[in-house]
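The structures come next, written out as structure tokens.
In the two complexes that follow, subunit A is the common piece, with subunit B as its partner first and subunit C second.
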Partner chain A sequence: MRAAIAILKKDLRMEFRSKESILAMWIFSLLIFVIFNFTFEVSRLIMLEIAPGLLWVAFIFSGMFGLNHSFAIEKENGNLRAMALMPVDGGQIYLGKFLSVTIMMLLFELLIFPIFIIFYDLQLSLEMLLLIPVVLAGTIGFTSLGTILSAVAVHTRNQQILLSLLLWPLVSPIVIWSVNLTGMVLAGEVATSFYPLLIRVGAFDVIFFTFAYLLFDFILED
Partner chain B sequence: MKRIIDKTLLIVLLIAFLTSLYLVFNWVPQIKASNTAEQIAQKIFYFHVPSAWLGFLAFFIVFIASVGYLVTRKRQWELVSVASAEIGVLFVSLVLITGPIWAKPVWGIWWTWDARLTSSLILWLIYVAYLMLRRYLPDGSKRANLSAVVGIIGFIDVPIVYYSIRWWETQHPKAVMASGDGSLAAPMFFTFMFSLATFTLLYVYLLRKRYQLLVLEDTLNKQFKEMEIL
Partner chain C sequence: MATPALQLAKVSKDFGRIIALRNIDLTIQSGEVVSILGRNGAGKTTLLNIISGVAKPSSGKVLLFGTDPSDKLNKAKLAIISHEMFLYGNLTALENLEYYGSIYNIPDPGQRIANVLADVELTHRRFDLVATFSRGMTQRLTIARALLHEPSLLLLDEPFTGLDQHAIGMLLTLLNQQKKLGKTILLTTHDLHTAKELSERYIVLDKHGIIHDGSMKETTPDEIRKKYFSTIAAEQVA
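Here is the complex of A and B:
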């Protein structure tokens, strides 16, 4: 556990020292909303219908940003090899990376959400608190798969494109469910199917995480 | 011995394919449909569904071989998983091509974002990414490890993808094999099973051939390397 926390601390410190990436990400998500607004010139009613998907597009792009970054920085100075040589279980390294990527992504989401509320003129309500578990579950699903695939893709020349190719189809169930759940909350129609679906996302998070944790040793090996 | 097995397989395969073509186009009764286009299009069923089944079988073998590789570290397992992934992508491509050809006369559209169609497309994307990953990595144990990990995660994801999209109402017919009102008439069932067996045989043959080819490639590469040293 100590190794994981050390990696987490190191990553977060690096991110916060260079604040550019956070700022860039924030501006980028702003741009996504602006571009979507122009490309789909639709009425407000339709806009509200596609809003949950839009929100997740912004979330996913911000997540990709972090994931592409996560192992690339380790590769630069041969640190990946050093990590592989650490006398700890590979799962620990996975856990540390997973935590740092997840925390960064959640932070981005926290920054994106207010813009979203303003641009789509949504009414804040107490019910919106339900978005917290939804976003949490969706994000963890995304990063638990994303972290291991990022470690896979980093060994290739076309790291960034390959990560998207690998991750997006695999993570599509989680994204589909998260968009559904977000839609329910934003529409103010939390149906009886909401909680079973949320639990399902959580269950698959656990499955993905466990497999990634166990398989990570093989990825570090040379 | 290997030669003899391959030859026999090929001959049996040729006979089986000709027979199943005869069964599909000449023997099995036409379905009752509003127009002939629909009747003819229905023949695709005998190729479309077996291809889908083969896709799954192939990806299951990728999974098994990937686990096999990580446990034993034998090159053979790696080669089997690549060969099977390639064949799987080929057959799911066939599913994605024959599907729209069938859908156009029956549903009036080429494509719809329906549960089965979407999940088949995602399945195809997963394994195309798997093959691309292998392309981008230099040969070696690293590549074998990484692709085995992706092969395992990919297959675990397959049922989840199906499950997640089932959510939407589906236009695609349910599995007709299930007993009940929608079950197939006896001749159709026989033709279908025959076609399925033929396709499975084709898979076995292709897998053997592709595997042998990969082994040959390996030997050749080894010889090249030896020559370079000299």
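Here is the complex of A and C:
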């Protein structure tokens, strides 16, 4: 755990110093909300239908940026090789990177959500607290798989393209279910299928995380 | 007899159709300082990568202190100094060393970091971002980073490249200290003078294999130069 915490602290310190990733993620999401809000004149009912999708488009595309950035900083000065030489389990390195990407993404989601509420004129209610487990589960699923695939893609010249190609097919179910769950909460219609679907997302999170944690040693090898 | 620091038996490495190393047999005892000489592309860096466990050999066996190089305990005994700095430009010198101190779980990190920073004369720049350092200062910090966890085996891949005379002198002093402490040092270099000054043994790599393995004491600098340059001359004639 010591190594994972050291990597997490190092990543967060670097990110808060440069604010490179979080600013880019925030501006990108703001653009999505502005464009969709002012370009398409649709009724409030239709807007409510598409709002969950828009929210997750902002989350996921910004998350992609965070994932690419997370290992790009390790490529600088050969730090990826330094990681392979560390006297720790690959799983510890994975855990550190996973935690830093997840924390950054959750922080970004926290910053962008009030803007989303304002732009789409949504009413705050107690039921919206149900978005917390939905966002948590969706984000963890995305970052647990994204972190290991980002480590694979960073060795290649077309890192960003390869990451998208590898990640999208695998993470699509989690994103689709998260959009569905968000839609239920925003519409104020939490159906009986809500909790089973949330548990399904959670189960995928556990599978992805365990698989990535155990395989990370092989990713670090040349 | 004590376990050798390093044993390579019939080690080969190829990258697809490109052969990097072929049937390397090499044993290095603990406390030995060995220079690896050879022209560019002779396979020196590949050899160091295999020894460090970062790259797997295509065939053959590598033992570091009697066990597999990828063993966690072995990794803790190892340090590499190469053209890759293993440092983060957006962190200060102190933060970089604190990070590696945590990773290697060094005891009394504050004192140890202060000592290595003093050794490389960077104490006054410890709160500055590494991105603001000159090449020579960054290389000095790289040396501090490598020595931080007091490794038993030092792998140096052309460590004098880009250093000014002052930094070269500092690195030589630090390496001589490590030598006195009984550390094993494996060094690749094109600088025959430094190789002669530091090491007791030299090997010349060429045509993917070891073509000379001899004692520095029993060989004059001219003889080493001839053996080293013969590999380059032979290639030019061919």
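Definition applied: the second predicted complex is superposed on the first by the 215 of 222 C-alpha atoms of A that agree within 3 Å, B and C clash if a C-alpha of one lies under 4 Å from a C-alpha of the other, contacts with A are read in each partner's own complex, and residues count from 1 in each chain.
Rule of thumb we're sticking to: a residue touches a chain if its C-beta (ideal position, glycine included) is under 8 Å from a C-beta of that chain, and two chains touch if they have at least 3 such contacts.
Note that the structure is predicted; figures quoted are calculated from it, not measured.
Contacts of A:L85 after superposition on the shared chain: subunit C is touched, whereas subunit B is not. By the touch criterion defined above, A:I5 lies against subunit C but remains apart from subunit B after alignment on the C-alpha atoms of chain A. Contacts of A:N77 after superposition: subunit C is touched, whereas subunit B is not reached. Legend: residue contacts after superposition of the two complexes on their common chain; A:L166 is shown touching subunit B, with no touch to subunit C. Contact with subunit B, but none with subunit C, is seen for A:N158 once the two complexes are overlaid on the shared chain. By the touch criterion stated above, A:M14 is placed in contact with subunit C alone, subunit B being left untouched. Residues 221-222 of subunit A lie in contact with subunit B in one complex and with subunit C in the other.
Subunit B meets subunit A in the complex at residues 70, 122-123, 125-126, 128-130, 132-133, 136-137, 141-142, 145-146, 148-150, 152-154, 156-157, 160-161, 163-165, 167.
For subunit A in complex with subunit C, the residues that touch the partner chain are 2-3, 5-7, 9-10, 13-14, 17-18, 73, 76-79, 81-82, 84-89, 221-222. In the complex of the two chains, the subunit A residues touching subunit B come out as 145, 148-149, 152-153, 155-158, 162, 165-166, 168-170, 172-174, 176-177, 180, 204, 207-208, 211-212, 215, 218-219, 221-222. Note for the complex: subunit C touches subunit A at residues 49, 52-56, 72-76, 78, 80, 82, 84-91, 95, 99, 102-105.
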